[in-house]
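What follows is a set of notes on a single structure, which appears directly below.
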Amino acid sequence: MPIITIEGPPIGVEKKRELARRLTKVAEDIYGIKHIIVLIRENKPENVASSGELICDKKSKRSE
Amino acid sequence: MPIITIEGPPIGVEKKRELARRLTKVAEDIYGIKHIIVLIRENKPENVASSGELICDKKSKRSE
Amino acid sequence: MPIITIEGPPIGVEKKRELARRLTKVAEDIYGIKHIIVLIRENKPENVASSGELICDKKSKRSE
Amino acid sequence: MPIITIEGPPIGVEKKRELARRLTKVAEDIYGIKHIIVLIRENKPENVASSGELICDKKSKRSE
Amino acid sequence: MPIITIEGPPIGVEKKRELARRLTKVAEDIYGIKHIIVLIRENKPENVASSGELICDKKSKRSE
Amino acid sequence: MPIITIEGPPIGVEKKRELARRLTKVAEDIYGIKHIIVLIRENKPENVASSGELICDKKSKRSE
């Protein structure tokens, strides 16, 4: 019944499959509980900021 | 001011209307507080896993 | 597998029992899915604000 | 490392930029920590309710 | 900058250390991003329910 | 009705008061909506990790 939520950039379904499988394995080992739930949240670069700057703005700078 | 967040699969607006109305009624009864907020989150089956397997993969297995 | 999180003030275990039972019933009805999870979060009045004012400050004003 | 999540209606990227910059400034001042993360969540009016009524229904009433 | 939140029962600091280290490794591998943040939330058995029943009530039944 | 949740280290009530007031002001300005809710979450250093290491472990290293 532990619940893992992971916030990150958009990824393909193959990566989601591996992410869910491996995060679940870790939680099962540590808690000794089956029935782990994983929620994957995909955030657009314009909806996340670090140090006050949107990720979409960091990217456009870097590619200049 | 209590806040209810519900994570589930996508549903139609008629179901959302009933969901919000009924969850709010329960919270008002228990807390004795008006002004309940409800947030409905709709998750794609490829963004949720239980027991290490994505929901979208469980579904395709079941329909084989 | 739907997950309900409810943020509210501290309450007793009897109320939690009723809250979990009734919120679960609503979600089962709407989604047609068993295995609902409910997380109850209890927030101290100094950790919640509405309209810019902490709940603990609203209370002390009201009782003056 | 403090994390600010803000749930609101959809807004344009220019407003997101200002929101992230200003929320970060507040958190840096209060905590005295750099490296603030901001997550902006945009909710459709049919996914949010207050006092048991979806926001999309309140709007259509008001405009009648 | 991905953020992992894990909701589970209370655990000791040694388990938290291993949990954080291993969840981070998984996220780094999948996203190819360093700077993963992990938030561990410990929930009392009276604040979590599955299928409408508080975890604290399931436990007391099982030990009868 | 926008909701701001802020995850950070424990702080005193005076700082919470200023945090709530200032975050609310920013959200009111950007969204043009009153009735902002702020939730402050205080996390113990053993419940947060960055780059795979618990904050409580970073601190003890730094003070050596």
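Residue numbering begins at 1 within each chain, and the chains themselves are lettered A, B, C, D, E and F in the order written.
By our rule, contacts are C-beta pairs under 8 Å (C-beta built on N, C-alpha and C of every residue); 3 or more make two chains touch, one makes a residue touch a chain.
On a predicted model such as this, the values are computed, not experimentally measured, just so you know.
Participant: Comparing residue numbers, which of D-F, C-F or B-C shares more than half of the contact pairs of E-F?
Facilitator: When the contact pairs of E-F are compared with those in D-F, C-F or B-C, C-F matches.
Participant: Going by average Cα coordinates, which chain is farthest removed from chain D?
Facilitator: E
Participant: So which chain is the furthest away from chain A, centre to centre on CA atoms?
Facilitator: Of all chains, C has its centre farthest from that of chain A.
Participant: When the contacting C-beta pairs are counted for A-E and for B-D, which pair yields the higher total?
Facilitator: Per the contact counts, A-E leads.
Participant: Please compute the C-alpha centroid of chain B, do the same for chain F, then give the distance between them in whole Å.
Facilitator: Using C-alpha averages as centres, the distance is 26 Å.
Participant: Centre to centre, by mean C-alpha position, how many angstrom separate chain A and chain B?
Facilitator: About 20 Å separates the centre of chain A from that of chain B.
Participant: Quick check on chain E: which residues sit in contact with 2+ other chains?
Facilitator: 1, 3, 7, 37, 39, 48, 50
Participant: When you check every pair of chains, which ones turn out to touch?
Facilitator: Applying the touch criterion to every chain pair yields A-B, A-C, A-D, A-E, B-C, B-D, B-F, C-E, C-F, D-E, D-F, E-F.
Participant: Would you tell me which residues of chain F are touching chain B in their complex?
Facilitator: Those residues of chain F that touch chain B are 1, 3, 37, 39.
Participant: For a test of understanding, state which residues of chain D touch chain F in their complex under the given definition.
Facilitator: Listed in rising order, the residues of chain D that touch chain F are 1-9, 11, 15, 18-19, 22-23, 26-27, 29-31, 33, 48, 50, 55.
Participant: Which residues of chain D touch chain B once you look at their complex with the stated criterion?
Facilitator: Result: residues 7, 43, 46-54, 56-57 of chain D touch chain B.
Participant: Give every residue of chain E touching chain F within the complex, in rising order.
Facilitator: For chain E paired with chain F, touching residues are 13, 16-17, 20-21, 24-25, 34-42.
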